[in-house]
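Chains here go by letter, A, B, C and D, matching the order in which they are written, and residues are numbered from 1 within each.
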Amino acid sequence: MPFVYDRVIRFHETDAAGVVYFARLLVLCHEAYEAALATVNIDLQAFFSEAGGVAVPIVHTEADFYQPLRCGDAIAVILVPKRLSLHSFEITYTISSQPLAGNPPDKTSQKPLAWALTRHVCTNLRSRRRQPLTPDLVDWIEAVNALAEPVD
Amino acid sequence: MPFVYDRVIRFHETDAAGVVYFARLLVLCHEAYEAALATVNIDLQAFFSEAGGVAVPIVHTEADFYQPLRCGDAIAVILVPKRLSLHSFEITYTISSQPLAGNPPDKTSQKPLAWALTRHVCTNLRSRRRQPLTPDLVDWIEAVNALAEPVD
Amino acid sequence: MPFVYDRVIRFHETDAAGVVYFARLLVLCHEAYEAALATVNIDLQAFFSEAGGVAVPIVHTEADFYQPLRCGDAIAVILVPKRLSLHSFEITYTISSQPLAGNPPDKTSQKPLAWALTRHVCTNLRSRRRQPLTPDLVDWIEAVNALAEPVD
Amino acid sequence: MPFVYDRVIRFHETDAAGVVYFARLLVLCHEAYEAALATVNIDLQAFFSEAGGVAVPIVHTEADFYQPLRCGDAIAVILVPKRLSLHSFEITYTISSQPLAGNPPDKTSQKPLAWALTRHVCTNLRSRRRQPLTPDLVDWIEAVNALAEPVD
């Protein structure tokens, strides 16, 4: 099972067209990223406030919107990180409806509502240059991918 | 036990002072309101898009901020609704740190981090006048308060 | 003439009820506060990131919502700061429709759409205690109020 | 001169890393889109609430982030729409610092801070199928591009 972040769409995420405002979908994805980082005991406050002099900013993002999301919808974000180079990684996010309780498992193969990607580069704040991914991040990418591997 | 909404503070809720932006605390409170409405099977999408021709807008809000909240903080919002008149009700929200697992129960009596209030008036969209609270809302207020009553 | 912040309501500020989400009105007010601070050459980035070891957090807020605001509405926020004590000040905000170009001046006496208040306390980040308002803030309060005084 | 949307970065757009939160850059771009639509007298409220039974949802977005943006920064968003097919168009956005007053014109050729793209498909809400771009939108794309053409 890959890492899944479950969430209910909230009213403040909708707009006057009655559906989730496009850019808020990327916020949902970042929330999934935060939840996934927390599973390996990365301190979110220190990590995101760049307390250790290392920043990991998003340098690129993309998203495709297939179906609108509405207030009260229960959604699941599946997150898959992938190392791209010594200094960088990307995360893909697939947003689907949460499978309803008691439904047969093949319901999980439903068509996604949206898809997104974020690309991150590890940066030393003192030198203002790229630096190799920290061991914490390397371990995190491996740990999240290990979750998704089939168990014999 | 009163109704409690548990949440982790997310990065997008913080600002450049490193803490939750003041108005986002009211968003957290509204999320708790949505979660509480869902416990009595009120359809959130229909309710908030005012599908039935009835709106329940917030006409007043207040908040006190005692301590800053940071990314990754696990907080609990305790919500208490109270009917004010035939047409209106208010909700008070107390935001605290989530009691840590395994801690003695007196830890729950901790000082709140923030407090807020929202006042709501039931309005008929056709006549543009106040109307009595719908039975759904009257039942909801009772149901949430019944949760908080001590069991003999 | 008091300090006025003009703004057009943007789509992301609306929700599925078709109007501005309640807490976003407080964001509009904070924008007016930022614009007003900039008129006396307070560096917004340094001020809000608390670079000088001084924070001026909002400890209390209140708002009344009289009429809904919609995407594309041109609004005006009138801001009035007032010193409350050695350490604190409050700001009141009155949100109205922008008077239409070419309209007679009495149109400006229109009924406000909303009203809000924020209360701020000057805090020393090292001692974590209240401290007197900085001279910059004292000057700012005076300057904004001087704008509003009638000219003989 | 192409269409330019000028804006000051506000505190609520920053996060605990001290810079603009990545997804808020797309909100800035959508604001520029709204401002550009208003130049040809498209009614924003009717357009975005899909009053005429026609929706123009964003189906894809992309962004590149070159430099962080901070509270108080004065930025300029240059927007260029382009028709893609009978039913669809895309907009590219280039975000730069606002050229400082009194600076020589070549300052405007500065390196952008960010770049983004949104792709929009015209949809009939009744049939739930694609439909040709409305004449209003076709005219708008032409009008914005005409602005950018050099005058002999």
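In this text, a residue touches a chain if its C-beta (ideal position, glycine included) is under 8 Å from a C-beta of that chain, and two chains touch if they have at least 3 such contacts.
Note that the structure is a prediction, hence the values are computed from the model and not measured.
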Selected interface, A-D versus A-B, where C-beta contact pairs are more numerous: A-D
Relative to subunit D, chain with the most remote C-alpha centre: B
Whole-Å gap separating subunit A and subunit B, where each centre is the average of the chain's CA atoms: 27
For subunit A paired with subunit C, centre-to-centre distance based on mean C-alpha positions, whole Å: 35
Geometric centre distance via CA averages, subunit D-subunit A, whole Å: 26
Touching two or more other chains - residue numbers and ranges from subunit C: 11-12, 14-16, 18, 23, 27, 30, 45, 48-49, 70-71
Subunit C residues touching subunit A - in the complex, by the definition given at the top: 11-12, 14-16, 18-19, 21, 23, 70-71
Residue ranges of subunit D in contact with subunit C within the complex: 8, 10-12, 14, 18, 27, 30-31, 34-35, 38, 43-45, 48-49, 70-73
Touching residues on subunit B, where the partner in the complex is subunit C: 15-17, 19, 22-24, 26-27, 30, 45, 48-50, 55, 57-66, 68, 118
